[in-house]
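In this document, chain identifiers A, B and C correspond to the written order of the chains, with residue numbering beginning at 1 in each.
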Amino acid sequence: MTIALDTPHPTYPAPAPPRPGGATLAARNVGAWFGDHQVLANVSLDMPAQQVTALIGPSGCGKSTFLRILNRMHELVPGASLAGEIALDGTDIYRSNLAVTETRRRIGMVFQKPNPFPAMTVSENVLAGLKLSGLKRSDHAAIVENCLTRAGLWNEVKNRLGDAGGGLSGGQQQRLCIARALAVLPSVLLMDEPCSALDPTSTRRIEETIAELSQQVTIVIVTHNMQQAQRVSHGCAFFLAAENEPGYIVESGPTEKLFSNPDDPRTLDYVSGRFG
Amino acid sequence: MTLIEAPPEQRDPSLTPPRTFASAERIRVRAFGLADAGELAGAFLSALALVWLVYERLTPLSGILGFWVCVYVAFLGIAWFVAREQRGAVVARDQVVRIVVWSGGVGLIVPLALIVIVVVGHGYHALRPHFFTQDGSRVGSLNKATDGGASDALVGTLEQVGLAMLISVPLGVTTAVFLNEIGGWLARPVRTIVDAMSAIPSIVAGLFIYIAVIRGLDYHPGGFAAALALSLLMLPTVTRTTELVLRLVPGGLREASLALGSTEWRTTRHVVLPTSRTGVVTAVILGVARVVGETAPLLLTLGAAHVFNGNPFSHPQNSLPLFIFNQFLLAQPSTVARAWTGAFVLLVLVLVLFLAARLAGGRGAGHIGRVRRWRLARKGLA
Amino acid sequence: MTASDTWASSDSRRVSIAVHRSPADRVYRGVAYAAGSATLGLMGLIGVFLFVKAWPALHTVGVKFFTRSEWLPQAGRFGITGVLLGTVVIAVIALVLAVPVATLAALFITEYAPRRLKRPITWLIDLLAAVPSLIYGLWGRAFLGPKVRPLSIWLAHHLGFIPIFDARGASTFSASAFIAGIVVALMIVPLCTAVMREVFAAAPPGEKEGALALGGTQWGVIRDVVLPFGKGGMIGGAMLGLGRALGETIAVTLIISPDFNVSHLFHILPAGGNSIAALIALKFNESASGPGLSALMAAGLTLFMMTLIVNAVASTIVARSRSGSATEI
């Protein structure tokens, strides 16, 4: 799937070892295409460690595409391509010797629609990542308890670990997916509108989980819900796209500033609900 | 339909908030009530009476089949007439169509029942336990129908179908995985070819194996050659059904697996295949059910045998469908009876496989069996 | 960071993403590709073999292969007109009987059956497909034949003016193409029903509701929405049934009494009939080698081509029709 041909490959530097407490992600001049149609242009953003960064903006601006570029899922779409740099703790994930599977292990993802593996039990779901990524860890029972606790699900399922993963409620399934993502020891957790398919109670629980997790894992969350962005995030980036033009970041910065005193009038319009 | 009114003390809306009425009677909108049933029954009875009166006299038909055909036609006519009088021409047309469609749908039970009844009726009484244990080597057309048995045929069928499974299931499932999980430029021609293969007449499959293997490679007719022909027939069924089942696995699961840092192979092995496991089992059973009764390719590849031969790789073998076919064509009362006995056994076998396929397909992916649960509990994970 | 309006001039050098696959993945893909290619190769092999072995016979007899109807390969005189015609006659009878029944059954399952009856009826119809062809043959010959005989006689007597029902000078009415056609019809009904069922179920509910909202009856909805939508699937299903009927071997072999006379083959009621598949099945043992075998190969090749073409056309019709995206053929 080698795409365009520009400069010959430089010697890629060795990737930095993972740090405890989350990693920093930095995007520089990111562009994205589906075939010849450009959907993102010149996006640059810092996502600091141990913080929650929210990506907000109207639908269709490329927020989810940007998220998928962060963990190298964008390239799975046939005909998709990208430009720019994504640095995980200083190492460009697209230009290092880091295997793509290893990148995806370190940068985990939780999807909009909860997708626990139906053929596995709750505990098997949590441990699935170990089998799938090849990460060797011992003491599986402790891992199951630890991850489910951090995801805020342990008390509800501790007596149902042998039940099928698909038999839980929507909110529980999503927390199970979070636990599953945590089991492979990621430094960053990407969340693509994790609560949009859930009821308010589950949403609240997951927001609590996000707050607790942010100390251990860097979190980047795409959300349509501005109040949610205000509640959970430390920093925000506001995406916008004019019709038939690629998306870009209008403004990014600390959440408080963006919501109370943004620099750009368009940001002010969006956060006060004048369009969206 | 009763009018629902609030009881008197509740009628002042300022006093209490609205409450649900315990006595609310739900309106049955689509109920097929007594009146409708009566209308149909009346039409039927009058049709019966009418035809009974005029049948022999006025129509050039005779016999019981013609009688019931006339009754049916008359029933349609009278039902239409009554509906038109009661509810108008448009509804009358709808009513007639309804009756015809119901007849078509439910009527297919009749030939099925007839087949089962005839086969059981003809085959059951000559069935003896030693049908399964003795072979047909010392039995000819002059013996009684209950002499001897078909153990050679049964063993032959088992081994040939078993070998066919061994060949076509791995190949078919792998091809289905290729088509659905990997795809690419090769997928389209392969899919076309698999569709074309499912159209091969069974006799042509036998013909091919005969020329290619028995003549071409100078191999002898026998169980293995027959198994090759059967796998040619089984392969497209297994491939297509498995591909269908794999397609049903939601894409989100594959995404989730890749996002955890998995490779393609691990995703297929640990997520896609287990999720579709019951479907794949169904596909295999359906494939087996299809070939277990195939006779035409066996005519060309098996050779003649009546002795118990447990080795499909040397010497000709017999097979249950071939046994039935040959015995039937000998056209002696005893052999025909033996053929029916074999047909009875074959029908039971096919029905059992069919049921197994339906039951296996019924359990969703989320069924965690007892053994698995026990194993997980031992590790403290359940 | 504020917006840059100069996105068009940004560095648009795209990243070249070389896909490094792990060894396991490479093996996995290799095996899967091999399986796909094997299936492809197998099919090609079948066509090649049949053609090569049929060539001597075709070479001997030339174009007359398609005009003669007798089958005497040892004397160098044979042609498939007879058997081909017989095959088509039986298949057409089967289609004429099966397609209406399958349509009714499919409509019943999708539109009329009460919810709880849907699954059992579907199972029962699929059960008809599970019954082996051999048992159909036995049943057709031993049970149905004698039962249909009076009907054949009646048809010949009262409707004999219609050419196909003409049976002057015939003495036996069992072992006829008519009976074989009825049995084959039963065998292809489940196949046609399954395809039509999927197609009818995919009819757009919005259009159906629209028709009902205008005051239409259920029949009106079917006539104006479901059937036009499902036209492609119905034709496709019918053609798939045709393909199956053309290749049906054992049931036909057991029922008919092979007749190579072309004019006889059009009269379906008296004993007679023929089919390529039955020809191969019956003549195989006599023609262990030489011209007989080669002639049979030629006949087999013709049958194979016919069923391939019919099935290919069926798939294309279904795929191109409006209902095509809903079905899996």
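As a convention for this text, a contact is a pair of C-beta atoms (placed from the backbone, for glycine too) under 8 Å apart; a residue touches a chain by one contact, two chains touch by 3 or more.
Please read these numbers as outputs of a predicted model, since none were measured by experiment.
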Chain located farthest away, centre of chain B as origin (C-alpha): A
Chain pair with the higher count of C-beta pairs in contact (A-C, A-B): A-B
Chain centre separation (chain B, chain C; CA means) in Å: 17
Interchain centroid distance [CA atoms averaged], chain A/chain B, Å: 47
Length of the line joining the C-alpha centres of chain A and chain C, rounded to whole Å: 51
Junction residues of chain A - those touching two or more other chains: 101
Junction residues of chain C, two or more chains touched: 22
Contacts with two or more other chains, residues of chain B listed in rising order: 263, 266
Interfacial residue positions of chain B with respect to chain C in the complex: 60-63, 65-66, 90-91, 93-94, 97-98, 100-109, 111-112, 114-115, 118-119, 122, 171, 174-175, 177-179, 181-182, 186-187, 189-190, 192-204, 207-208, 211-212, 216, 232, 235, 239-240, 244, 263-266, 268, 289, 292-296, 299-300, 321, 324-325, 328, 339-340, 343, 346-347, 350-351, 353-354, 358
Chain A-facing residues of chain B, complex: 250, 252-253, 255-263, 266-267, 270-271, 274-275, 277, 364-368, 372-373, 376-377, 379-382
Parts of chain A lying in touch with chain C, wherever the complex brings them together: 1-7, 9, 29, 31, 33, 41-42, 44-45, 75, 81-84, 94-95, 99-101, 240, 245-246, 248-252, 263-264
Complex contacts: residues of chain C adjacent to chain B: 21-22, 24-25, 27-29, 31-33, 35-40, 42-43, 45-46, 49-50, 53, 100-101, 103-105, 107-109, 111-113, 121, 123-128, 130-136, 138-139, 142-143, 150-151, 154, 158, 186, 189, 217-220, 222, 243, 246-250, 253-254, 277, 280-281, 284, 296-297, 300, 303-304, 307-308, 310-312, 315, 328-329
List of chain C residues in touch with chain A within their complex: 1-4, 6-8, 10-20, 22
